[in-house]
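Below is one structure, written out as structure tokens; the observations come after it.
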């Protein structure tokens, strides 16, 4: 059953008023695949004074805070911590192209979890990388964006990937 | 070269003041992979009066308009048209799981293109589907988000997929 | 006395820091009056897959969350629940025209109430209906928007209409 | 037909890219009904240094600019002028209670009209009055919010009230 | 050390989840210097019905609420009180020109302080005054914007100016 | 006369509909004064991979785009270019403390100018620097924020400082 729909299929912001305020953590991860030359340029842009990843990090952190404005049924939550980080990866078995790995960790002390905030941070950081490199590579793709870990709340700890 | 960085690697919103206002179109596409039971529930939620895809469509359209607030170096543009659509797909060779295909088309008459707006619409629609179904499936993933077509502007027509 | 003005008539966001966090509920209601053909079309648009009321519902829920950005002296509150619902009504003694009845219920656990959030949800849902039907009927009117119930807080329960 | 739904009943932001940019004006009006003591206090609050109507005016003007963020299918438009004004009225044949009359005029040079912007300005100004006076009168109501005039665009001049 | 950077110099929203919720107050102050004729006109505009300072006050209060959207690493906080006030000053030893003194006081019950909210309120109020008077005086300057007092939280009371 | 007030002293967004769209540029500048140790740390934080100034730059650029949401009577404008830059300065005759000089340049093709956007970019960049360094220095001040140059529009070129 979709908790965000009532018994008539109507969207609603579900009631979390009865849930206790607890410390909650969510970690999400995603990838931006790109041509080798694009990766080379991003690496350069990440050298001293380069702003590419710094801009994507800031965009991701700011987007986490705006999640309830973007996702219609998300509850507004007082985020207590947001981290966004990047790893520049070369092609491997699962990745035919170079890729940026983006990881976001979001925390709160609240009545509901912050999965959407972590996923939104990853996504907007990824879009920002796309934006900054799109003039040279319009074939980049944002892919494999998923939840990695979740702690706190009634459902307890959930670790989907090591 | 990354146009969004100056010669010192500093981020900037590039100058488009000299470019003419032309009609511009961008089409982006992406996927949300999910467990079979999740897909079954989404299908139900899309029956008469079901709000799942309607909510995701509205979220995507609204997010397209807010792209310049999310992506630091995007220019604010007067969008003239936004469409977001969905197809519910069963597993196939390239997809081990059922998936929702999301396509967004954005248009403007402006000095620069709307790729980021189309990608943002796809992404936020995908996050909204995730949000509405996450209580039953935290292993969904947003994947394969990319530009499909682009028309107008100096670089002319670009059709990356049929 | 207007609590939102100080003794010199200056606007201020009043101090709620001393008030305890309690569970609070507000229910507001309003109406959109329209021509019979407009109502007929809305009813159609609300048939399977029709997005009219779904869009208005989402807009109302999202607006509730943005109330403190719109209403200058409203406190930002962590909403725990938002519901928006519609009834399509035919003319009666008090209504010379067909009308959509919009009801919004908003809840929080906070130091002050959510009347403005409920009224804002009703209002923006009403504006969205107007927007979607305005090409065929520019004489629609939003009317009779008022608070129905309020629970929690020092002033206790208030039920203005059955 | 509802132009904001496609032939399958799906919401969309309609294409205005082909329409010419023309000067457009919309005037909307609405009312806030209130108890006599509330009106007396508002009148006082509007004496020298009183901020009640000033706050409502600013809120209405700012809301006009945010209309496309609130109303899902509204186009973003470069507003060229926004006026919001008030008249404090005593009861008469059509009004059993004292009332504030709110009028908003919005203009643009754009491809589509600004009715929603004018209606949003009236509505948020009305909500702001409600907010400032609600501690003394929770029975106020926002009523009779409608379009008064509209100029420019293909449909030409429309004057619904003198 | 800059707490907003991690050990690799990367921006982050610092963890405040472990800190207790306490009552916190911040007071900030700033100045807008202007030509004598500009001050004379502002004084006039502040006479009965004049909206200059009322508009600046509302803008400052609203901006305080939006601080976490503007300042990348600020935590979203449930503000419980916001005051913005003005004094119109004539030249003195430290001020070669007439000036508007702006003071903002912001309070919350939260895990971190509200200095940024108070400074943002002062700053946006100052920008609003500039905006309203700029047609007659483009040489105004915003100056001397600083924290005055801070109470609550681990660091305790801090009174920087009497 | 204050153009943003009508003849009754009421705030309004002035009519720019009749003005032609022209290329417009505004350059604003401001300063953040700080203790020597704070400046030393900022310099460090600006070494390779340091995000301090990158974060402030992104914040300033994003704030420029949101100016009409912050300043009540500002017109929404399609910015075509935004640059924000910093210089780290040591004490001199006019500055008893080390200071960061912030310069923002904003451009548009529109019916009115972008002074407020440039000033807002400077201001929010300055607030961001304050935020990032405030744990070590609460005596920083934002000062001397003013317009430097302005081009385009009826009033022509204005160069207030070399």
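Here the chain labels run A, B, C, D, E and F in written order, and each chain numbers its own residues starting at 1.
Simple rule for what comes next: a residue touches a chain if its C-beta (ideal position, glycine included) is under 8 Å from a C-beta of that chain, and two chains touch if they have at least 3 such contacts.
Quick caveat: nothing in here was measured; it's all calculated off a predicted structure.
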Interchain contact steps from chain D to chain F (minimum; 1 if touching): 1
Touching chain A and also chain C, the following chains: B, E
Higher-contact pair (C-beta pairs counted), B-C versus B-F: B-F
Equivalent interface to D-F, taken from A-C, E-F or A-B so that over half of the residue contact pairs match: A-C
Distance between the centres, which are taken as Cα means, of chain D and chain B, whole angstrom: 32
Approximate Å spacing (C-alpha centroids) for the pair chain B, chain E: 38
Centre-to-centre distance between chain D and chain C (centres being mean Cα positions), rounded to whole Å: 15
Interface hub residues of chain D, defined as touching at least two other chains: 10-11, 47-49, 51, 54-55, 57-59, 62, 66, 69, 72-73, 76, 78
Contact graph of the chains (line, ring, star, complete, other): other
All chain pairs that touch each other: A-B, A-C, A-E, A-F, B-C, B-D, B-F, C-D, C-E, D-E, D-F, E-F
Chain B-touching residues of chain C, taken from the complex the two chains share: 46-49, 51, 54-55, 57-59, 62
In the complex with chain C, residue positions of chain D that touch it: 1-5, 8-11, 30, 41-42, 45, 47-52, 54-55, 58-59, 62-63, 66, 69-74, 115-116, 119-120, 123-124, 127-128, 130-136, 138-147, 150, 158, 160
Interfacial residue positions of chain D with respect to chain B in the complex: 6, 10-17, 68-69, 72-73, 75-78, 110-111
Chain E-facing residues of chain A, complex: 23, 54, 57-58, 61-62, 65-66, 76, 78-85, 107-109
